[in-house]
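The next part holds the structures, each set out as structure tokens.
There are two complexes below, and they share chain A, which is joined by chain B in the first and by chain C in the second.
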Partner chain A sequence: MTAWTVAAEIARKDLRVELRSGEVLWITIPFGVVALFLVPLALPLDNPLLARVGSPMYWVVLLLFGMTIALRGSAVPTEPQRDALRLLGVDPAARFAGRVAATSMLLWAFQIVLAPATFVLYQTPLPPSWGLLIPVGLGVGLGLAVVGTIAADVTRGLRSRTALAPLLVAPLSAPLLVAAAQASESLANGDSILLPALIIAFTVLGLAVVGVLTAGPLEESAQ
Partner chain B sequence: MKLRYALTGLAALALGVGFSLAAQHPPDAVQGEFVRIINVHVPASWLAFLAFAGTLVGSLGWFATRRSGFDSFAAASAEIGVFFTALSLLTGMIWGQVTWGIAWDWGDARMASTALMLFIYLGYLGLRRGLADPQERAKRSAVVGALGFLIVPVVYFSVNVFRSLHQTQSARPDGWQIESSAIVVSMLTNLAAYSLVYLAFVVWRTAQEAELGRARVDDLAGAAISPPTIGVDRD
Partner chain C sequence: MTHPVDLVDISVRVGRTEILRGLDLKVASGESVGIEGANGAGKTTLLRLLATLIRPASGAGSVLGARLGSDDVGAARAHIGLLAHEPAVYPELTLHENLGFYARLAGRPAGRVDELLDGIGLGRAAHRRAGDASQGMLRRVDLARLLLLEPTLVLLDEPHAGLDTDAEKLIAALIADVRARNGCAVVVSHDAARLRDVTGRRLRLDLGTLV
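The block that comes next holds the complex of A and B.
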């Protein structure tokens, strides 16, 4: 089995566990939509204002609730599962890639639900070249999955995990949020999104390199 | 031990010289007396970068050698980096309020990225506090120490990439961006003094951590031996 096949198998296993538990599908995604619904209630009844904040709110909700998805309980294998995979000689980097792939897919699914909800609730107009937002969303989902997977491993088994993991994820994923919000604004104004796209690409690349390189040593810590 | 005391004495002396120079240079025509903040703000920012680079070196050193000294060095560097990042933000906000008329500007990439850097390393220190086992702590915090450094170049180059309120670097290839040579001399002296403070602190904290580590090993060795029970009927 190649490392890619192993990664695909791990991703499939994680998605199957998620399908059984429904943690993301039935809890986090509806909760994220509720958050989008709550914001207009706290703002003055001003439709142009809502249309302006719609896109930034989309990215903020994606970041905050995406953290919940990336750090979900079923994303962190239990010790017996780890032991079994270690005994099978599964490459830690392939396991990391597989977990990132599964989390990315869940985050992309979250975005598929979140985007129409934003357009409906905030009446945000679609930019002319809205198709360019798709790679931006894919990149943000991937970056968030990488940083979330690293944070989940680093805080595994800690009593303060629920508070500490978001403290690590939020600032590290802030460049993704800033770049994504900038890209949306640039597209709405008809400007180039080259700089935000590069920021997203380099952030994802940097995080992925650190994630792959540290997957092995982090695995040792479970022994 | 002698090195620690010598470094501390040297740092105190350098700080004294730095402060006296900062108090002596003439006030700025526009900023008035508030220009003196530059003697704290710039060295504090420089020290934050230096300290986080130290954390990166310590983290990578730990990965390469698995020696606890590297972990202690990384932790000590992060502690001082967090302190000086907070000091840099605070002095920057005071200076900004006086000079720009605003203490915090969300459009300023340098301010926002510096705050993010502070939070990342607060997370690093929080992680260390949550782990009791020295090996676990060293491994996991080395990952965050290496990962967290990704933000440092972003903070440094933010003033070049995103032009906003914050001015670009004071020292550039085309010369100093500060007109008064007295201010430049005073700032550079403080920069050297703060660097010595960093060295002294790191040496003290690294040694302290090593002593704590030895104490933990002694505890473990003691706990493994139980005294024989005397006068107990074994039947």
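The block that comes next holds the complex of A and C.
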């Protein structure tokens, strides 16, 4: 099997596990949408501020709940599962890629639900070239998945994992959040999004290289 | 003559604790060795060391020609089958899907999964989710995973736990199969009587030392 087919097999298994456990589909995604309700509840419906905070709120909710998706329990294999794959000679980098692919798809699905909810709840006007937000969303989803998978591997087996992993994810994904919010703002003002798009692309690329290079050593460091 | 398992004065530490110390062990091709020991004797650590999953703190050793602690253990791993204490199954997947996943990654034909499930008496329960299966059924699936991979070195950790008499025969069959292929098996258990049934030579592990 090539590294790509191994990654596809791992991603398929992870998605099947997630669809059956429903951890993301039935718990995290609905709670993410509920979180979007909070600000409109606190402000009068005709407040112009509501439309302005819609887009930043979307990215903040995506980051916070995306972290939960990226660090979900079923994404972290148990020791016997990991040992079985190590003994099969599965390339750690391919496994990393497969896990990232599955998590990215879940994060993109989350965004598909979150985006219309934001426009309805916040009455945020669609910018003329809103289609440019699609690659931005795809990039942020991929970046969050990469960061979450790295954090899950780094904190694996630690007693403080549940506290430590989000502490790693939050600062590493900050450039994604800032660039995404900037891209939305630029689009709303009719400006170019080249700079924030480049920040997202380079952040994702850099994190992916780190993830692939450290997958093997992190796996072998497990005792 | 080179042995598939050859450990000389091996010690293993987990954190600050020395789990195995001064261990010498040779296992020849076609041999099955039973290692008895109480809880905390280091049996599971020994098997993980032999599976090349952990590195020794000191000493020298090789497993299937790969030097323990080196980075060239990858090729040997593909010929090692480990039955851990906990099954390596995904609770959300069916028994068939679990075996199919490992079969595809190992490059084995899909038809072999059905054959094996029938062979271990789980053909009719193939589409039951692993999370809904009994401990004994999961143990059988784990055994089927080893049969699927046809390893040269089989490492079994308390293999009889949770198994009925019929399933216990599967363990004897697995060991006989690997020996017939000129491979070898190391079985650890706290139960000396059961070890006698399936292994040729028996040793005792006492607080990290073979006696």
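Here is the rule we go by: the second predicted complex is superposed on the first by the 218 of 223 C-alpha atoms of A that agree within 3 Å, B and C clash if a C-alpha of one lies under 4 Å from a C-alpha of the other, contacts with A are read in each partner's own complex, and residues count from 1 in each chain.
We take it that contacts are C-beta pairs under 8 Å (C-beta built on N, C-alpha and C of every residue); 3 or more make two chains touch, one makes a residue touch a chain.
Every value quoted in this text rests on a predicted model; they were computed, and no experiment measured them.
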First (chain B), second (chain C), both or neither touched by A:Arg16: second
First, second, both or neither for A:Glu185, with chain B first and chain C second: neither
Partner chain in contact with A:Ile150 - chain B first, chain C second, else both or neither: first
First, second, both or neither for A:Leu85, with chain B first and chain C second: second
Touched partner set for A:Met1, first chain B, second chain C, both or neither: second
Partner chain(s) touched by A:Leu158 [first = chain B, second = chain C, both, neither]: first
Residues of chain C touching chain A in the complex: 14, 48, 51, 53-54, 74-75, 77-78, 80-82, 84-90, 92-93, 97, 101-102, 104-107, 129, 145, 149
Footprint of chain A on chain B - complex, ascending: 63, 112, 116-117, 119-120, 122-123, 126-127, 130-131, 135-136, 139-140, 142-144, 146-148, 150-151, 154, 161
Residue numbers on chain A that touch chain C, as the complex places them: 1, 6, 9, 13, 16-17, 20-21, 74, 78-81, 83-90, 222-223
Complex contact set, residues of chain A against chain B: 150, 153-155, 158-160, 164, 167-168, 170-172, 174-175, 178, 195, 203, 206-207, 210, 214, 217-218, 220-221
